[in-house]
Amino acid sequence: MDSLPFFPVSASTTAGQVDNLYFAWLALSGVVALAVALLLIWFAVRYRRGSAANRIVADAAKSEKRMRRIEIVWTVVPVVLFLAMFVWSARVYYVNVTVPRGALPIYIVAKQWMWHAEHPAGEREINELHVPLGRPVELLMTSQDVIHSLSIPGFRIKQDVLPGRYTTLWFTANRAGEYHLFCTQFCGASHSHMVGRVVVMEAAAFEGWLSAHANLPTMAARGAQRYRQLGCDGCHGAQASVHAPKLEGLFGRSVELRDGRSVLADERFIRDAVLLPNREVPAGYDASMPSFRGQIGEEELLEIIEYLKSLGNATQQVMP
Amino acid sequence: MADALAAHAPQFDDAEQQRTASNLGIWIFLATEILFFGVLFAAYAITRVRFPDAFAAASRLTNLPLAGTNTAVLLTSSLTMALGVHAAQHGARRAVVGWLSLTVALGCAFLAIKAVEYRLDYLEHLVPTLDFRYAGPQADQVELFFYMYFFITAVHGLHVLIGIGCIATIAVMAARNAFSPDYFTPIDVTGLYWHLVDVIWLFVFPILYLISRS
Amino acid sequence: MNSASIASEENYLSSGWNWWAWLTTLDHKRIGILYTITITLLFGIGGAAAAMIRLDLLTPNSQLVSVETYNKLFTMHGVIMVWFFLIPSIPATLGNFLVPMMVGARDLAFPRLNLASWYLFVGGALFTIYALLAGGVDTGWTFYAPYSTTFSTSQVFAAATGVFIAGFSSILTGLNFVVTIHSMRAPGMTWFRLPLFIWAMYATSLILVLATPVLAMTLMLMGMERIFGIGVFDPALGGDPLLFQHLFWFYSHPAVYIMVVPAMGVASEIISCFCRNPIFGYRFMAYAMLAIAAFGFLVWGHHMFVSGQSAFAGTVFSLLTFLVSVPSAIKVFNWTATLYKGHVTFHAPMLYALGFVGLFTIGGLTGLFLASLGLDVHMHDSYFVVAHFHYIMVGAAVMAFFGGMHFWWPKVTGRMYPEGWARFSAILTFTGFNLTFFPQFILGYLGMPRRYPVYPPEFQAWNVLSSAGASLLVFGYILPLIYLLWSLRYGERAPANPWGAKGLEWETASPPPSENFHATPLVSEEAYAYARSESPHG
């Protein structure tokens, strides 16, 4: 069976919904394509030159009216069908982009030409992703260079991974095993080598794997260290003489800006604050934070984000 | 020679058809130019919305007096061009040559003033990749503003240059009596092009120089 | 009919047979031929790249070429096939030849612009071939930033310049067609008596004129960013890589309609002739093409569902994409209905046209899979997309192009092609095409990404099948080249109207005189005025 596969394995809770859409389209388009083909063949045979078929159009005006009605029917019916399919597929999509609360975050940094995964508990992986069975997992992803795209066909998910911002992907694996992981946005010479595997493990096995690979401090601990190293608490710490926002409990809160807008202090906000600090200045403060562009890498930034999450009520993100 | 050209090109049935076709042709061409510049304006607008403070600060560093003068120059040149078309409608050959020549001169003046402006920008270290220096915050975004500023004004300047070439050519043709009240399509068509170049400047000028100067 | 001289009477081919006459011609018919020769050469180059791609994909570990070379192969294949074959194909060859004739004019409105358009096209092609010879480009035909602006070390600038220049060729052709159709129709040729091919050229020209400038400027911005290193797209400076995608696809989606709407026009001409029936629902067909052209500008975001654009934007684009497919569906049903109560014959052009309808149907239906948001997440950038667009661009558009070449070959050259070989080629092409690209739908759903020279071994069987089909397809394309050239010298001489078709172009000699018609035609009947009980000849 493996030598001529027809259908990918289905290993996530949303894969079934995607497959249902697929089958519905297969059925619908199969019917239409078959109908068109059969009609073409039938008409071609029946009305071939020299055949004895009746070609007389008895009443031109009535025929004209009938033609008009047929045109309208076969315009309206597709519109209705397409609208129905649109609504259905949009709903599947919304499930796809709505991250459930309590999802386990895993951070992904893509770079030419490998996938770097960091678990909050400290494990790091390259081109592999170990995840627990039956638990929602949220991937927070960014790229260090060009646009990549993370695709896991077995879960029916895919999301472009961009430099300069974070994108997310979530899934709940419901079948243990190993699944392909591909880069699906052309990213240079070794694009087709930027592949890996997702390993879905039963809860106990996953815990075992985590402890076996926990030879590094947690991301939050590393983030705290980086925070001190870069001198962040010089301004943001309790002893600071500079008027800078306190970061405890910041993450997940709504922040009012100087220009009147309100933004959510999510991962994107933190990243922009560190790299482009004067774009979103909170109300009551001035634009004097220096930029750390060039001094901090993507992985380190994610560690700091984990650290800040640990400082306050880290509410789960619901992606727009 | 005027009579020979008052006749129509062989693919057309008559002069009327040729005029209609030429007119429609130039309007379609102008539409493509609008889309062309539209992309630049869109890119500028989007970037500006992302960095309002940096772009406002950068915009204040542009040379308003020179650009303002240029606006007056270009508007005047549109007037002289229109007067040239008007003269052509009445077959006033000397007036046509005069107005077209004046338009050419004003166009050249526009480019000369632009050159001076670019030089001053260079001396103030505002030209990206040519020793760009900016001491304030968000220097990268200020540099981005100037990159777009030079790109947009250079593309516009190129269109001015091409326009000058076209107007000079038809001025010479007019001097050689190539046109008549029955046939002055090239003047008409070039006039429309020149007016568009002017209109585009009327968008370029405010979005680059005037926004955020209170 | 003697075969000794080129033709017994003077025609556009018989006068002036030297290089200079051809290279300075203002005759739209000769310019159409110049374009045909040029795009055939470029099709050969793009096709050679495709052949190497399919050969390399026979094995999962890219044994034929290095991965760097493979990346350059698929890029050049895309760049050449899209901009230097498909976009000009029907408009610049058949369109240039037929638009004046079908409206009853002596030439296009601006013959010198027409010649300039060809030179621009050749200039652009030369830049692109230079890029190919100087090491190639490896960004994909989509030139996504920041890879194209900051990371690729290949000939991006040269290739982009080539496409930029060729873009002006498109704009001038479109401009010429719109003006000609508006202002140079023969007496009696009202809008709704125009052949649907003209409506197709008109709709296509609107897109050519309005979309191409956007591409030109986008490529310019990309090129400038590559040279000067500062930019609008570079995220390292707060630039937005998605902005590039929006600008690029704003042109490139309408561009696919530039590639398929002319094919629809050709199909309508052929099907009505070989059914001896007016096209069912003429007005719906004309309006449908205009609707496709207009709506086609509103759907570009469906190439970007997983790009990071907002879910709201994705939803809007998905809805609009479903709506834009409705006019195309109507056209398919109308072509089918045209056969009803007709007198159907199966000459080669008709086989190509029927093939077009079938393959366009499959291609269009699979587009709906991709328009479905929830499904596209899985299928985006997979071989499903590759199969979908090849069904439309190769299956539909190229088959229609070949059908049109055969249909109007007698008119253009004054010779008949060998019918037996032509029918065989049509069937061979249809079969080879399906064998090549149908397996790719399956590969796509399995998850095989596009632009992969190296792939998991379990995908090999389908890849081998696809490459086998490609080897058939190659013959389907080479055969017509051979027998069409053969017919130029040895083909049976063609009468003015070998098919008994309706249309002004058939009412003048084959090949036509330089001025197309000896007297300005007067139009008094509707389009496709085939009498219902009339029996065809030919």
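Which chain is which? They are A, B and C, in the order written, and residues in each are numbered from 1.
Methods note: a residue touches a chain if its C-beta (ideal position, glycine included) is under 8 Å from a C-beta of that chain, and two chains touch if they have at least 3 such contacts.
Predicted model, so just to flag it, every value in this text is computed and none were measured.
Counting contacting C-beta pairs between every two chains, the top pair is A-C.
In this assembly, the chain whose C-alpha centre lies farthest from chain A is B.
Our note on geometry: chain B versus chain C, Cα centroid distance of 35 Å, whole angstroms. Computed from the mean C-alpha positions, the centre of chain A lies at a distance of 46 Å from the centre of chain B.
In chain B, 50-51 are the positions where the chain touches two or more neighbouring chains simultaneously. Annotation for chain A: residues touching 2 or more other chains are 276. The set of chain C residues that touch two or more partner chains comprises 238. Across the interface of their complex, chain A is touched by residues 62, 67-68, 71, 138-140, 142, 144, 146-147, 150-152, 235-236, 238, 241-242, 275-276, 280-281, 284, 306-308, 310-312, 314-315, 318-319, 322-323, 325-326, 329-330, 332-334, 336-337, 339-346, 354, 357-358, 361-362, 365-366, 368-369, 371-375, 377-378, 380-382, 442, 445-447, 449-456, 458-459, 461-462, 532-533, 535-536 of chain C.
Only residues 10-13, 17, 20-21, 24-25, 28-29, 31-33, 35-40, 42-43, 46-47, 50-51, 128-129, 140-141, 143-144, 147-148, 151 of chain B touch chain C when the two sit together in their complex.
Across the complex, chain B meets chain A through its residues 50-51, 53, 137-138.
Chain A makes touch with chain C in their complex at residues 2-8, 17-18, 21-22, 25, 28-29, 32-33, 36-37, 39-40, 43-44, 47-50, 53-57, 67, 70-71, 74-75, 78-79, 82-83, 85-86, 88-97, 112, 145-147, 149, 151, 153-154, 156-160, 162-165, 167, 180, 182-193, 195, 276, 293, 319-320. Residues 276, 278-279, 287 of chain A are the ones that touch chain B when the two sit in their complex.
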